[in-house]
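Before anything else, here is the set of structures, which you'll find just below.
After this come two complexes, each holding chain A, first together with chain B and then together with chain C.
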Partner chain A sequence: MSILEFSRGPMLHFALIVFVFGVLWRLTATFLLGFRQRRSEPRVTKGQAMAGGATVLGMRSWPHKEFIGRTAFGEAVGYGYHIGLFTIVLLGAPHVLFWQNLFGFSAPWWPTLPGGLITFISILTVMLMLIATIRRVGHPVLRRISNFDDYFTLVILYALMLTGLMTVLGIGGRYEYILAAHIISFNALLIWFPFSKLMHAFYIFPSRFLNGYMHAKKGAAK
Partner chain B sequence: MSNKNPRNQQPTIGEVMDQAGVGRRQFMKYCAGITAMMAMPPLSTAAFARDLRAARRPSVIYMPFQECTGCLESLTRSFAPALENLMFNTISLDYNHTLQAAAGEAAEAARHAAMEENFGEYVLICDGSLPTKINGAYGTSDGHTFLQQLEEAAEGAAAIVAVGSCAAFGGVAAAYPNPTGAVGVADLVKDRPIINVPGCPPMPEVMTGVLVSFLASGVPALDKHLRPKAFFGDTIHDRCYRRRFYDRGLFAKSFDDEGARNGWCLYELGCRGPTTYNACATIKWNGGASWPVEAGHGCIGCSEPNFWDQGGFYEPLTAKLFKERGQAAAAAAAGVAVGAAAAYGARRRQKKLAGDAE
Partner chain C sequence: MSTATQSFSRQDAGPQSADERVEGAMRSFAKEFGALVGMNIESCIHCGMCAEACHFYIATEEAKYTPILKVEPFKKIFRRESGAFAPFFKLFNLKSKITVEELEEWQELMFDSCNQCGRCSLVCPMGIEVSELIEIGRRGMYDAGLAPKELADRARYQAEHGHPEEVDKPYAELLSEIGNAHDVEIPLDKSKADVFVCAPRNDMISNPSAVAAMAKVLNKLKVNYTFASNAIVAENYGHYAGSRELQKTISLRIIDAAKKVGAKTVLVPECGHAYMALRWQAADLIGEELPFKVRHVTEFLAEQLAVGKLKLNQVDDEATAFHDPCKIVRKGGVMDAPRELMKALGVNLKEMANHQGYSFCCGGGGGVNDLERAKPLRYKAQELKLHEIDATGARRFLTSCSDCRVAFEDAREYFNWDKRPESLVELVAANIKE
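Moving on, here comes the complex of A and B:
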């Protein structure tokens, strides 16, 4: 079995199983923890609390007007590379084929973007990731709250992006090895995902919503 | 067909060309064709022509082993240089038991005579894989196993050209479960220069181009599978005229749908172009008339090692279908169970701490 066969066959399937196991472990453990008993009287109705949750979810997803000068750049870079990553994964033709072949479904309606555009977006995404990395290392607060988890995730992401670009541009060696390296990077991401801060993909919106919901319930949402 | 003269007494190719009345312009055109085919820089044509003119006709011994004769069929369809030119102007084909008139002992005697007279200088072309199980008894000729014949013929060879995927990597005979223990020439011969020209069959122009370039400039630059980089340096995908459809995400979903009729990419129909290194997309087949992908079928990757065992020819090259649904469900159940246990433990600790605090 060649390394490409291994990476896109047994290793990928193993990584998927670890991903499913790990994500469900983390989510179940978190959601079954329950909430601390609130002894104070709710200040608003349940519907109003829900609306408060939704408001906070929206507000926290946008730079606060008082800090916009300091945070807008960082948030723009963050949004930029996240949108780039999602575009590449969901609208790049080889990736769409990958998902269809992996899970055995056919979706002729699924749109794809031209390869050249995806390559351009990929290069842009890597540049934004670089800016985010430099900012993380250079910013005194960000540096203090960063640990191995953040940097290891970045290493995997860089490997994934760079091997993907090398595959498309035909540089760095034989196609099948670079493609295998790309798929192995993805497998590593799948395995690492549930046990890292990458779980923010699942937590970020529910936690923002719950924060807003709780505060609204206590009458502290405004 | 036998050549009784050692190579140093053979005329040079230039002399043969002059005798045949081949003009300078024609010869240069021929050399330009070969160098262009090998992607050599245009300025190297003059040096190539000079070296080729000075080279003496080599003795070539063509040994068939566990093969189907498809490679020879392909070679005889070469259009540049045409086989007759290759045979009579460029090389001295001293043994090929399919093409030569002699048979049986006479043919073997001719081979031995050519090997003796050109010891250390002849080019050995091997066609077909070598069966190794039961001491090579799966393949015998003239009372000797193919293994013995290869060992004997390789000893005095200046270089060995393994034509076809069988001679290069074992080919179809080596496909699982490989009942004869078939291997390629390079698996057995370690002390001679080996040039692999794989393919099922290999491209005729590649075979003849390799021979001619060997005469002019020796063993060409080879990749890790011992294939000449000039012909096997790019993937089919890189040179495919359908590549633009791949880049635009336009794929044929079946062999008779609208995409197929519009000439869209055959990636989804199992095309192995991205992982196959060969010159089909640039030189094409049958005198440049067409090639498999142009004819509407995906590349099957025949110039790659173990191509028979790389899954179905119509399975796409992307991820393997995730069939382990049961394992995924078990993993999901295990994840929920472990998560629930972790939450239960945490809540108990929480309660205990709350109790302690009270």
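Moving on, here comes the complex of A and C:
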């Protein structure tokens, strides 16, 4: 079995199992801690509180005007590389093919972007990641609150992005090896995901909703 | 890794060893480990945005004042003891055990440099309720015997005596003197009343006219109300110190007194944390719904205004700024009542750049007013606020919390500031239409 076959065969399957069960367990374990009953007289109905939750779920994606002056740069960089990553993963032709093969379905309707554009977006994304990394190391607050999780996650993301670019640009050695390195990086990301801050991709929904719900119950600021 | 720049103080909670203190903190925090807390801890992406909402960080630019960092020891405890992969973290010692030295270092961050104002909770892109985590952290600190002595002592004294420190004369007597001095009848110890009222000790001592003003308005509205000799003080030092038990005991004093007179409403005076403690926390602490409504005095007066019972004269055209007390407005949900009252008074309101839900704290909330050693840091944070108030061009300065007034009064003296914080309820009382 070649390294490429291993990376997209047994290793990928193992990584997917870790990812799926890990994510499910981490979410389940959090919810199993249970919700305390709140006994104070609410200011609004349950429906209105739910609407408050939904509002924060959506609106927190954009900072309040009171904060934007101080947070705009960090948010712009964060949004920039997140959008870049999603575009590459969901609209890059090789990735679309990968998803279809992995999940065993054909979707000719699934749009893709031209390879050159995806390469450009990838380079831009890596540059934004670099800015984010420099901020994390250089900004006193970010440096102070960062831990192994932050840096290791970045290492895996860099490995994934750089091997992907090397595959497309044909640099760094034999194509099979570079592609294998790219898939191994992806597998590492899947395995690391449930243990790391990457879980924010799932936590963001209940966390924002609950914040909005609890605040709305009190009539507090959202 | 040291964070402390201020002298550490330990509550006098008996001869606890270092291990016992750590165990106390861990047991305490474990009590609070629910899904909501878990979600808050698990969601953090270390983006640091909470710092950009915190006046202590903005004023000092010291990274240690980043709100989410203030609960770092408890995040560690959660991951090690209750997180989804706790056994894994424990087995490989990926999250080391918390030490008493770490907890001692964090005392300044949890108490001196946090007003529990909740502004950080509005900026977090993940929706983490940071200030609630800090409040839970304070409870852990209290149970570890590591709450600042000033707060812990006052909490214990208040739980036992009904007021937080020794007084020259009983508060009931003081209340009666305030009534006589301001020529207003203040009912005390009535056997039955629709509304039960308490008063801020700050006002009883330093600003008695605010207490008289509240009584005057209630008398004008012909409200059937009473104070009770054994439950006059509104403040709850248990809330500040982080003691569940003491907070509960102190709340129960008011709850029981209100039940005894058959009150349908408990009226919380101009006191932010008293409102938070009674309105949003008391029922959870005692484990049952309260048999009465809890209303802040501005909320109550706005309701009276809405139904036409309260009619007000127009005040002068003086440019006026209003400070929104965090625990009444942003966190307490009394968002519009103060402005409805000011509108009815025809106040020429000049809003600050950050107001209502996004207002900066006065700097004294969360017990910080009571910590002498926190003053230098508090003044730095308050400077931000004073500049914002000055930028409105206002000459009159109003607020609806006695603790905020204490903080601003202190800052006024320190900075030789040209404004005096005034009570909104006093302005209402002085302008009731006959």
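The rule we apply is simple: the second predicted complex is superposed on the first by the 219 of 222 C-alpha atoms of A that agree within 3 Å, B and C clash if a C-alpha of one lies under 4 Å from a C-alpha of the other, contacts with A are read in each partner's own complex, and residues count from 1 in each chain.
As a working rule, a residue touches a chain if its C-beta (ideal position, glycine included) is under 8 Å from a C-beta of that chain, and two chains touch if they have at least 3 such contacts.
Note that the structure is predicted; figures quoted are calculated from it, not measured.
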Touch check for A:Gly58: first (chain B), second (chain C), both, or neither?
-> neither
Tell me which partner A:Leu33 touches in the superposition: chain B (first), chain C (second), both or neither.
-> both
Considering only the touch criterion stated at the top, classify A:Leu142 as touching first (chain B), second (chain C), both, or neither.
-> second
Partner touching more residues of chain A, chain B vs chain C, is chain C
Does chain B (first) or chain C (second) touch A:Gly173, or do both, or does neither?
-> neither
Classify the contacts of A:Phe103 with the two partner chains as first (chain B alone), second (chain C alone), both, or neither.
-> first
Which holds for A:Trp25: it touches chain B only (first), chain C only (second), both, or neither?
-> both
Could you tell me which stretches of chain A are touched by chain B in one complex and by chain C in the other?
-> 25-26, 28-34
Contact set on chain A toward chain C in their complex | 25-26, 28-41, 43, 56-57, 60-61, 63-64, 66-67, 70-71, 74-75, 78, 139-147, 149-150, 195, 197, 199-200, 203-204, 206-212, 214, 218-222
Sites on chain A touched by chain B in the complex | 2, 4-5, 8-9, 12-13, 16-18, 20-34, 93-94, 96-98, 101-104, 106, 108, 112-116, 170, 174-176, 179, 183
Touching residues (chain side chain C, partner chain A) in the complex | 33-40, 42-49, 51-53, 57-58, 61-64, 66, 68-69, 72, 82-85, 118, 121-129, 279-284, 287-290, 293-294, 329-335, 353-354, 356-358
Flag every residue of chain B that touches chain A in the complex, lowest number first.
-> 235, 237-238, 246-249, 251, 253, 267-268, 274-275, 277, 306, 310-311, 316, 318-322, 324, 327-328, 331-332, 334-336, 338-340, 342-344, 346-347
